[in-house]
Amino acid sequence: MAFDTGLAVVVLGVAVWTIAARKTVAAVAGFVAFGLLLALVWVRLAAPDVALTEAAIGSGVTGGLLLGAATRLRRIEPSAAGETLGIGLKLAAAVLCILVATGIAAIVLLLPEPAPTLAPQVAKNLDRTGLGNPVTAVLMAYRAIDTLLEVVVLLLALVGIWSLAPDRAWGGFPGARHHADSDGLLAFVAQLLVPIGILVGIHIFWVGSTAPGGEFQGATILAAMWIFAVMAGLLDTPAVNRRWLRLLLVIGPAVFLAIGLAGFAVAGGFLAYPEAYAKVMILTIEVPVTLSIAATLALLVAGPPERPPNG
Amino acid sequence: MTGATLYGLCAAVLVGLGLFGLIVHPQPLRMILAFNLIGSGVFVLFGAVALRGAAAGFGGDPVPQALVITGIVVAFAATALAVALLLRLFR
Amino acid sequence: MSLVLDGLSILAVCAGALFFLAGTVGLLRFPDPLSRLHALAKADNLGLGLVVLGLLFQAAGLPAALKLIGVWLLTLLAGATVTQLIARTVRPTEPQA
Amino acid sequence: MADFMFAATGLVVAMVALGLVRLLRGPAAADRIMAAQLLGTGGTAALLLLADAMRAPGAVDVALILALLAAFVSVAFVNALDRSELDRK
């Protein structure tokens, strides 16, 4: 208990700093630290699957994205700032936020006893999915439609980002071209870590059916390794009008949807799996979905196309 | 006090802090950061509720845990879109 | 036997924690970036290494032990190269010798 | 034994949190990256210790990811600095 209290205090301290830091880059660094500590909190909350997601996305990839943005915004930051609030308004905001926090705290303290839970239902039906990890079973079987919609939301966000491209760069290459550094150190780090990272990503994806892990966590690591290779100048980002790239992005949702529709024919409902084949079908969905998510996440970080497709 | 209550209270403070940052910060990137803090607070709250629902041999209720995983990924997509809009705005 | 293993674990983990302490103190108290980098490398390599060593005595089986060693090796590789990268950003601000 | 492991985790987390002061103060950008790097390693160690204390082997995978992505974030950090330095020239 003392450990939990200490951890909560440190988490809140880093959160305060993320809000209060004067420099944006320092605030972003604080946010990365916050994500890392949150991964510890998730382990304490008996949710290792969420801890993996938080460490990979919340801390890692979001950190990379925000660091890049902070650097690019540094020069224009003063002009980008809106108006600063007066002290009176700040106080009013503080009072409002304390009220909101108190309200949520009251709800936490007044939660019903005994706690409502769906865990027994999940446990009862776990065998029918052929999976050993209850969280993956929820994501891929009981709430599969949420997961399908989520994959579509990722694609929509990417379309939104691409639509911000200037006319001359339409369908072109996202981001600036990174060149290998003169002494090759960064390229060396990337050559060393990227293959290991890809293995770790596949491992996390693969163990997801029986142990903490799964397609989102594995895909995030794959995406991070791809961004790593781009940063080190080993690869360039692909032009977004390439047919193979488009195919890679939609194959996951497409297979998911196709198997979902097939559920009408073989098991009498959308996204219903016939019992004997549940695990095979879930794996058939997971592999292309992982590839699509990895590509989508990486391109979300890369941003809108900035260089024309033919030059 | 149980661990679930402790982290639930921590989540409440996180939401309050994030909301404060969202209101008072003039720089847009800092507002995105603050918004992510609110999101994290909500997720931890879900986690605390999941921990209270521990049953049937699971450490926590897997349904809210799965929802949080979905939520974290969607929050990332929203952040990426917001950052792209921001960079476009001030080019 | 398990008492001996527990003792070894406690010893190694304590030593590891000590290196983290030393690394943090060095990072906070040393006067210039390069010596701070030196302190950091100790925490990185030895601190985590000793913690891993301590946990190896408790490992459930060979795969678990190999995974622990893998984490340490990964940190060693990444730490050594990233430290080089950091040192490179420090160098231009130092007076030319 | 679990109690000892919890105590060790708490100590490492506290150390890492102290190291964050360097992230706050700088002064050079390199100092901030160093604090981030220490945070990554310390977080990895804390997760490994926690995995043992809670008998939750899944946390070892979290540590593995953290070790990998800490390197990724540090490189992104260095990269961002390199670019801003080029801008200045």
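Going by the order they are written in, the chains are A, B, C and D; count residues from 1 in each one.
One rule holds for everything that comes next: contacts are C-beta pairs under 8 Å (C-beta built on N, C-alpha and C of every residue); 3 or more make two chains touch, one makes a residue touch a chain.
Computed from a prediction, not measured in an experiment: that's the story for all the values here.
Engineer: For subunit A and subunit B, which third chains touch each of them?
Structural biologist: none
Engineer: Select, from all pairs of chains, the pair with the highest number of C-beta pairs in contact.
Structural biologist: Looking at every pair of chains, the most contacts join A-B.
Engineer: As a quick test, compute the distance in whole Å between the mean CA positions of subunit A and subunit C.
Structural biologist: 28
Engineer: What's the distance between the Cα centroids of subunit B and subunit C, rounded to whole Å?
Structural biologist: Averaging C-alpha atoms per chain gives centres 31 Å apart.
Engineer: When the C-alpha atoms of subunit B and subunit D are each averaged to a single point, how far apart are the two points in Å?
Structural biologist: 21
Engineer: Please output the residue numbers of subunit A that touch at least 2 other chains, ranges allowed.
Structural biologist: Counting only residues that touch two or more other chains, subunit A contributes 44, 46, 49, 61, 70, 186, 189, 193, 196.
Engineer: Touching two or more other chains, which residues of subunit D qualify?
Structural biologist: Residues 29, 35, 56-57, 64, 68, 71, 75, 78, 81-82.
Engineer: Can you list the subunit B residues in contact with two or more other chains?
Structural biologist: 59
Engineer: For this structure, give each pair of chains that are touching.
Structural biologist: A-B, A-C, A-D, C-D
Engineer: Contact residues on subunit D for subunit C in the complex?
Structural biologist: Touching subunit C: residues 1, 4-5, 8, 11-12, 15-16, 18-19, 21-22, 28-31, 33-35, 37-38, 41-42, 44-45, 48-49, 52, 57, 60, 63-64, 67-68, 70-71, 74-75, 78, 81-82, 85 of subunit D.
Engineer: Mind pulling up the subunit B residues that touch subunit A in the complex?
Structural biologist: Residues in contact with subunit A: 1, 3-21, 23-30, 32-34, 36-37, 40, 43-45, 47-63, 65-70, 72-74, 76-81, 83-90.
Engineer: Show which residues of subunit A lie in contact with subunit D when the two form their complex.
Structural biologist: Result: residues 2-3, 6-7, 10, 13-14, 17, 21, 25-26, 29-30, 32-33, 36-37, 39-40, 43-44, 46, 48-49, 51-52, 55-56, 59-61, 63-64, 67-68, 70-71, 74-75, 178, 181, 186, 189-190, 193, 196-197, 200, 204, 207, 211-213, 217, 221, 224-225, 227-228, 231-232 of subunit A touch subunit D.
Engineer: Where on subunit C does subunit D make contact in their complex?
Structural biologist: Counting only subunit C, the residues touching subunit D are 6, 9-10, 13-14, 16-17, 20-21, 23-24, 27-28, 33, 36-37, 40, 43-44, 47-48, 51-52, 55, 58, 60, 64, 67-68, 70-71, 74-75, 78-79, 81-83, 85-90, 93.
Engineer: Which residues of subunit A touch subunit B in their complex?
Structural biologist: Contacts found on subunit A: 1, 4-5, 8, 11-12, 15-16, 18-19, 24, 27-28, 31, 34-35, 38, 41-42, 44-47, 49-50, 53-54, 57-58, 61-62, 65-66, 69-70, 72-73, 76-77, 79-85, 89-90, 93-94, 96-98, 100-105, 108-109, 111, 115-120, 122-124, 134-135, 137-139, 142-143, 146-147, 150, 153-154, 157, 160-161, 164, 214, 216, 293, 297, 300-301, 303-304.
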